[in-house]
Amino acid sequence: MMTPMSFVDDALAGCRVIVEFPEGGVADWIVAGEVLLQEGLRAWALPAGSLTLLPEVLALFGRRARVGVSRVLDADGVRSAVAGGAHFVTSPLAGADLAEAAGALPFLPGGLTPQEIADAARLGRGAAQVVPADIMGSGYSRTLPALLPGVELVATGRLEHYQCDLWLEAGARAVGVQGVLLLSEEHDAQANEPGELRRRCQQFADLKGN
Amino acid sequence: MMTPMSFVDDALAGCRVIVEFPEGGVADWIVAGEVLLQEGLRAWALPAGSLTLLPEVLALFGRRARVGVSRVLDADGVRSAVAGGAHFVTSPLAGADLAEAAGALPFLPGGLTPQEIADAARLGRGAAQVVPADIMGSGYSRTLPALLPGVELVATGRLEHYQCDLWLEAGARAVGVQGVLLLSEEHDAQANEPGELRRRCQQFADLKGN
Amino acid sequence: MMTPMSFVDDALAGCRVIVEFPEGGVADWIVAGEVLLQEGLRAWALPAGSLTLLPEVLALFGRRARVGVSRVLDADGVRSAVAGGAHFVTSPLAGADLAEAAGALPFLPGGLTPQEIADAARLGRGAAQVVPADIMGSGYSRTLPALLPGVELVATGRLEHYQCDLWLEAGARAVGVQGVLLLSEEHDAQANEPGELRRRCQQFADLKGN
């Protein structure tokens, strides 16, 4: 159940799953983007290292998808994302300079421990990204929201469906999925064929939000 | 073996196990409290969200138990605990404003990483809470005390008996136990019957301190 | 593949494995040191608590080995290591005062989360120690270097050979090995016989650097 007008809902236009594109992109990203949209996964993040793709992605998909920039590490990176027209920006770090550089653009700072998440939420208008959420084990999905009940959490990492489900059930506002949908093999980082991508997206259909 | 006059021993009157009541309390908390006392578990923590219970708990048990307030997140929360007559206050966070708000009342700040624990210990007169300790795996009970030999540690989380034992054996001053004793099922958060609670307390009898 | 002139390569003279001596030392440390050198493991760290051994170790091995001091927790500790002639200093913590006390001596600050590693790298001329790296699970060896591509990482902990391999493969500049080589049993902390130490060192031969 979502409270209306939350910072994260607003930034993601109600989506609860952010699909993060791999560093270096996917060769057939236009096909991949169409599959994601058809399956209702409308919030995407391009890693800061693939910022050159942003104008084209926005031109083709910018009206149908929320396209953010993730993995930004410094204020310059935030400014580049703002200048490129990103819909939101995320970082694994929390820094006042990054938040300031974002200006009016929704900025989601990151952290890992309860202290870091509390610090990030103070910068991020009450919202923070837990990253890399997969590293902390699935028990953290239950523990962290209970420790910091006032924070809007977005759990990001190589999260399988069941882990996304645990985080959302425990009150996280959204999840950020790295690798699992778009890549066939974690180590080889090979992109999935459109059919396989569609099949994986359908497994996430119950989580996708409105 | 306990060094006399440690900050934690003082705050907990020599107890080595803090039993944390669940958020929202336990329906038969008077019966639960009597069982805990009979089994020698005399240090309790009420979560900040259940602060309204504090006056009654203190009136009934305040002479026989050490009753603290846990999960406090800000200076206002600390002040409420002080005003309510708590015997000690704990937080998953470390903030100079929280420590200051505690004044003379024993305050145990929290952290998770070695850096955070070192920072917390500086605020907490040499003592810090490791929270959520269960998330870091049992190897951390051995690694952390060796990295920070000068810090009085209190490991807090959903800790089973063997995990409490590992932390205390490795030099932690005390452990904070969430859920495991008072609740029958982690997910359903249903309170244990007095007989079951007593049975579980007896499993912890060897750890309870003096 | 190593980029020449990195801070860590420079500090460790090209070694990729730092062997950390146990707190309290090893009785036959002269024999142990000879075995390490014969097997090509030429970067060592003495924990700050064993600083009294440093002059003798340097007198015997200082021309053939890089001998650092690890587990330093404060600026005084750093100054003692500098005064004792250590070749480098490491800490599980990151503090500007520690970095300043190191002066021209290579200082490797530590952290655990991405935020802490980013903070440490800012102090440590682009390099940081991940400690205790074993606690975060082996997935972290892949995730952390991808999140912070600009940081020279040294992963330190009770790392088995396969874990060292994962970190180095993923781009870590070096690893710090506690216990695994020199000690036969993690709990009993008994030193390995020279033959057993040699056998273990040979397992690490493929990682040792130039």
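Each chain carries a letter (A, B and C) given by its place in the written order, and its residues are counted from 1.
FYI, a residue touches a chain if its C-beta (ideal position, glycine included) is under 8 Å from a C-beta of that chain, and two chains touch if they have at least 3 such contacts.
Bear in mind that the values here come from a model prediction, so they are computed numbers and not experimental data.
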{"item": "Angle (degrees, nearest 5) of the CA superposition of subunit A onto subunit C", "value": "120"}
{"item": "Equivalent interface positions on subunit A and subunit B, same or different at half", "value": "different"}
{"item": "Where subunit A and subunit B are represented by their mean Cα positions, the distance between them in whole Å", "value": "35"}
{"item": "Shared-contact residues (touching 2 or more other chains) in subunit C", "value": "113, 137"}
{"item": "Residues of subunit C defined as touching subunit B within the complex", "value": "23, 49, 71, 73, 92-94, 110-113, 116, 131-132, 134-135, 137, 157-158, 186"}
{"item": "Subunit C partner contacts - residues on subunit B that touch it in the complex", "value": "113-115, 118, 136-137, 139-140, 142-144, 146-150"}
